[in-house]
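Okay, here's the structure, questions in a sec.
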Amino acid sequence: MAILSLKNVQKNFGITEIIRGVSLDIIEGEKHAIIGPNGAGKSTLFHLISGRYKLTAGSIRFKTEQIENKPPYEIARMGLARSFQVTNIFPRMNVFENVRCALFWSKGYRYSFWNLLGRQHELNDEAMQVLEQIGLCDKAMFPSGELAYAQQRALELGIAIASGAELIMLDEPVAGMSHSEAENAVELIRKITEGKTLIMVEHDMNIVFDVADRISVLVYGEIIATDKPADIRANPKVQEAYLGEVRSA
Amino acid sequence: MLEVLIFATLNGLVTGFLLFMLASGLTLIFSMMGVLNFAHASFYMLGAYFAYSLSLYFGFWTGLIFAPLIVGVLGALVERYGLRKVHQSGHVAELVFTFGLAFLIEEAVQFFWGRDTKNYQTPEILDFPLFTLLGQEFSAYRGFMMAISIGIFIALYYVLTKSRVGIIIQAAITHPQTVANLGHNVPLIFMGVFGVGTALAGVAGVIAGPVLTTFPGMAAVLGSIVFVIVVIGGLGSLAGAFIASLLIGLLQSYAIASDVGMPDLLDLLGLSFARDHPLNDLWTINLPQIAPVLPFLLLVLVLIFRPTGLLGKREE
Amino acid sequence: MLKVNDLHAFYGKSHILQGVDFHVGEGEIVSLLGRNGVGRSTTVKTIMGEVAPQGSIEFKGQQIAGKKSFEIAHLGLGYVPENRDIFPSLTVRQNLVLGMKSNKPQGRWNIEEMFNMFPNLGERADVHGGALSGGEQQMLCMCRTLMGDPDMIMIDEPTEGLAPKIVEQLAALLQEIAKRGVAILLVEQKLSIALKISHRLYVMGHGKIVYEGTPDSLLLADAVKAEWLEV
Amino acid sequence: MTLLRKSSIWIVFVVALFGLPQIFDSILAISILNQMAIAIVFALSYNMLLGQGGMLSFGHAVYFGLGGFLSVHALILIEFETMVFSILWIPLIGGLFGLLAGIFIGSFSTRKAGTVFAMISLGMGELIAASSLIFSSFFGGEAGISGDRTFGPLFFGFDFAQNIEIYYLAAVWVFIATLFMYLFTQTPAGRMANAVRDNPERAEFIGYSARKVRFISFCAAGLFAGIAGGLFALNYEFITEENLNAATSGRVLLMAYIGGLGYFIGPIIGAVVLTLMNSLLSNYSELWMLYLGIMFLLTVMFLPRGFAGFIMMHQMAWVRGNMKMLVKPYIVTGIPALLFAVCVIVLIEMSHSDEETFHFLGMTLEPSSSITWIVLIAIAGAAFYAVRRSRAQLLDAWETANAAPKEEQS
Amino acid sequence: LGSILSFGGASQAQEPVRIAFMDPLSGTFASIGNSGLKILEFAADYLYNSRGGILGGRMIEIVSLDNKQSPNETQLQFRRAVSEGIQIIFQGNSSAVASTLSQTISRHNRRNPGQEVLQLNYAAVDPILTEENCSFWHFRFDAHANMKLNVLTDYIAQNPEIKKMYIIGQDYSFGQVVSDTSIALLKQKRPDIEIVGNEFHPIGQVKDFTPYVTKIVSSGADAVITGNFGADMVSLARSIIDSGLDIPIYTFYAAYDGITATLGEDGKDRIRLIHNEYANPVPTEERREFNRAFKAANPNNDVTQPRIVNALQMLVTAMEQSQSTDPYDLAIALEDMRFTTLSGEEVWMRADDHQIFQGLHVSVHTDEGIEFDGDNSGFGLFTEYNVPADETIVETSCQMTRPRR
């Protein structure tokens, strides 16, 4: 049963059609990668799903509900977390706060102005665990805005995964990381998406091919193929549209 | 009745054009550089006072030329040695800085020119009625005011559309270093823009001084209304500021000219309340009474229903 | 063209560059490789005057250490930063216009040409830069620098977030640029493209140049690769 | 341990609140303390908006004022025994009304932050200030309305006729308000306020409606501003339009900013300092506004994070026990700086006063003789030069004092 | 801190009688306050301190307190005065401030017997201060608005040319009093005069008066009454003049502090002012000397409010009579006092409401026959119409509660 299913989703900005009728089913528990040339509409697709943009046409179902017209926060509350391609954190708060805020809603704190955070031990512990996972423990009290670029990417990831949502969407999670960092990140992604559903956009083919169960190729707002990695790699359309002759560097 | 309407319109336009002279400078400084310059009206006051002093010795026209220059230079210096330093610590810092500056200028003016109203007169040449309509004179000076204001609008519009200054400023607000890397001398541009902006305020002062009386409180009177205009017009839009100025000018002047008010409305509705009704104040309001706050009402409404302002593209 | 001698740079009290020496010749493509955080970006920023330099930086035989960024840019040195600083509130075209040093177009490049080279940008000429896709932003950033008609450009990690196909196009473009007599200093992590296009390359480690050579020689120098590059 | 340290600050606060009137017991001192008490609550409430919520408001006096007006009306009701309750609860009434006003205005003004919010607040401020002049039956026109706090049931025999009694009452309220405002920052709502301030968009993707988060802090700010207004009403037993106009809003902004927005105690410091300046300076010089203006400029330029920020700058040095390193440079720079300031002030005052002899700090100068001027200017110049010279060293000393000792560095 | 708070009062053999002068000394309204202060200080030195002081050698020390014309500041400054042990406060500007002060003082005096404070109001003319809200601790040394309007309307009534009257004023208590009263009085005295306009504009917020003037013109008015002061007065007058409208303007405050200079030639013979005490010609040598001496001491100021001098003189007389500086004794002594001013006129402080009665005059803004001009402009006020004190007397509704002693 598909946890997320897009039906003929379309998005125009003014006259330019960016997404031209994408239909896609994400099966519960799978690791799904979306690849495609720059400007194909991958991030836009993410924005549409997560409620940042309103769709021009089509419908999106998450779990049992239609979400195409919901504001981001309601979608997030349903258990859909995402990261951003361009780092998008709370720069003036320290790393720990960043992650803890990401935990509030899922832990049922909502808008409460009566429980004191100092007292919420298991919440704080959980936040620290997330920091451990993304390897920022030593920076816990460091203003996140002053972290080095790679570390900010890691935090970006941390905020996305903290809430332990069922569906996690990552937009180029390892962009700008070095190989070793990237490998750690991938390991982390594997670990935390155990038994969860993952959708990710990535340009680094090595990562895509070794993480993903299925891959969709988005070209100019249309999905030209959705398939197992091996078949995608073999698919000539995909090769000329995206991969080029460098199969995998 | 008719002539009231006609003159209300004329007065409204005059006020509008005058407001625009002020707003034009602030559009540069506030809506382009993003500096919440609360001292803008103070520079306007300085313009008036410098012009007054100059006019004592060299006559009005010298004042018209040099007072704005002096104000502009002052403005540039303020940017160079004050704002630039403050800029790094954000908008609120700039705001408080200009707060202090406004304070300072008002006090300085009282310090150097005293607290009395100054006898700053319109030039002889323009001291004749441009035309007399239904027994009322429309002084040439007011015509002159309009002309200058329109001139400013055209000149600025040309500069901002034809040159890259506009976009350079816009980019430099967020990415100064990058713009510098592309070979633009950002500090100089900022200094220049601020200078020009304040100079424009100076012009407004020179021209408004004689009609609106030159006294230490003249800045406070216009203080926040200028922001209202720029915001209603829409950040970053000169045309918007222009329209907003006229709009507000006319709005106020019509409100004053009209004698309608709650009582008339109640009559219309056939209602009437005892004089000791708790809301008596409300039932007796009339438009002229609330004319000065109408702009703020407009502001709130515009922002609620169109947060970008009338012609604003950018929304922060 | 560019000659850097014993260059030092600090962030606060932390000594980032500890004596960097290298040079770039006319129309040459030189790569600067190294792991994260070894100070490549800092090197470039220092040359550009963003970070206060200590040491000698000669550009076209002129000492530029201590000059202001915009002066350096006017001398003909272009810089494409790593974090795609496009101006989100400006349209693509305006972004490019900002790249020019004077109002009238001149020199090797003009906007139309750029749009032909990158159709994506052409289609979006009047879209706000902020709306561009990650990759498009990267391209726009480079085009903008070229509009300034530099004699040498320093590009910091241009391939980041680019689709493999585009990476190839980019490689081709860089070579094209070099053909037009623009020297290129390419700061990279991805060996592939660097090896493919650069004439010479330097490897950087902890604030120093630790290896200088040609692509072929580097391919053989396994020790260097193992220690200073992650492959 | 940390708990002890935290609470120790509060203990100090309480001691200060209730101890000061013992030391400074002149009528004027009490009056100043009362002003401070009010200003502290007001400034803190403002910081909930700007410092923590990132909402720049030009109309915060509205909630203060409305709270105050309601409180005075309550006093009047008590006086004529339409209502009977102890005036202890007056601030609460002010608070409730501030809250109501906050809920109403917040419902449409918190949709956006930034310029839009700022300008709506400006507009609403002006509108309400203006209507307060029009609806004179409720607001009493420019003369305002006044009540009398000595009616109503006694509280352990106190009728609060004396200002000192009111001060202690205020002090209690100040403590409560401050405590609650601090606790608010420690709750999810408080934290999300910071998050939304930093990045409203991202906040929406972790499940929070930025607007609602803003709305909550906005209402809270209204509540506490109202309480401050209530305290004002109790203290002065009257209130006028000027308590809800733009000038008052501006003043609270300055207090919060000068004190230091980034820190909880910032506004408290700001409130204390500005109140003192306001009440002490104003009677020593006609030109005090001028000096106030200058002080703002200098503070904004050289202490971008306010007084609190300046104090915090020494935290590291303190922790590392390096304060002594700073003593000498501070003296070296401080003395000429002080000298310079004095000279400038004397110059200004002299050129302003039209008496033929001019007394300052016991010295007597002749403004008429040019020597006086030359000498003063010379001294000022020298002092300024000295400051310029020594400033670098000061900064350097400060750097080293704050820098980690060698072994910690890596 | 305590020491900072207390002024280093000059230490003399006998400690001085300290009198507070509380008015705007900074900010927009400062010029009026400052000129008042200069007069009071000068009067104290010239009339008493330079002649061996009062009460057998005690000097008068004037303590200036800046209330910025704001009720709030007034409260603060009042507390300061009290903590300085000052018990006599001169205050004049803004009826709003005056009534705040009066209320505060009554409250304070009731709660702190033995530390009473006396309010000498030399300029706030809202009738209410000596009517419903009259207080035992408040004395007014200026004629209140109704008295002035009474005279002014008499004067207007004599002018048959005036058929249509336009009334414009600032939208606050005094402005409203002016409009209501003058309408009522004109109806009695000249039923034929039509009130063609009755306009209120907000204080100090009007940028440009032209729109109002437009209304005046189109209303066909041939005279204007206004209670405006300060910049609002100047702007209004200038706009009327600029619009080429040549009609008399009847005012309360259209002189001195820059206004006379600014109106200058344009205002000649158009602006008329209702006031007590004398302008030009000056009736007696004493006053002439006083004015000269003042001018010598303060070349840039004028004796704008002679009543301040009267107030001081009457206060001192009260002190000498009661041989005390205690507000209660002074109040008793001041009640019903008849006193001859420097202008040789006998004035009377009525006991029932503490309102002074003295001759009222309507003067015109001109440069002819001016001995003492305003702002050194050559222009000044020339008195055209005099009403002796006893004709200015009006009833009062004041029920004063007198404290027991």
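Worth a mention:
Lettered A, B, C, D and E in written order, each chain numbered from 1.
Following the convention adopted for this analysis, a residue touches a chain if its C-beta (ideal position, glycine included) is under 8 Å from a C-beta of that chain, and two chains touch if they have at least 3 such contacts.
Source: prediction; values computed, not measured.
Fewest steps needed to get from chain A to chain B, stepping only to touching chains, is 2. Centroid analysis (C-alpha atoms only) places E farthest from chain A.
Farthest from chain C in terms of Cα centroid separation is E. One finds 37 Å separating the Cα centroids of chain D and chain E. Rounded to a whole number, the gap between the C-alpha centres of chain A and chain D is 44 angstrom. Rounded to whole angstrom units, the spacing between the C-alpha centres of chain C and chain D is 50.
Centre-to-centre separation of chain A and chain C, using mean CA positions: 30 Å. Residue positions of chain D touching 2 or more other chains: 130, 287, 289. Annotation for chain C: no residues touch 2 or more other chains.
Chain E has residues 30, 171, 202 in contact with two or more other chains.
Touching chain A in their complex are the following residues of chain C: 35-37, 82-83, 120, 123-124, 127, 131-136, 138-139, 157, 160-168, 189-190, 192, 230-231.
Touching chain C in their complex are the following residues of chain A: 13, 16, 35-44, 85-86, 148-150, 172, 175-181, 203, 205, 241-246, 249. Chain D meets chain E in the complex at residues 23-24, 26-29, 31, 35, 130, 133, 141-144, 146, 148, 150, 161-163, 236-238, 240, 242-243, 279-280, 282-283, 286-289. Residues 50, 56, 58, 108, 111-112, 114-116, 118-120, 122-124, 126-127, 130-131, 134-138, 246, 250, 253-254, 257-258, 261, 287, 289-290, 292-297, 300-301, 304-305, 348, 352 of chain D are the ones that touch chain B when the two sit in their complex. Those residues of chain B that touch chain E in the complex are listed here as 3-4, 7-8, 11-12, 14-15, 18, 110, 114-119, 129, 132, 134-137, 139, 211-213, 215-218, 220-222, 225, 252-253, 256-257, 288-289, 292.
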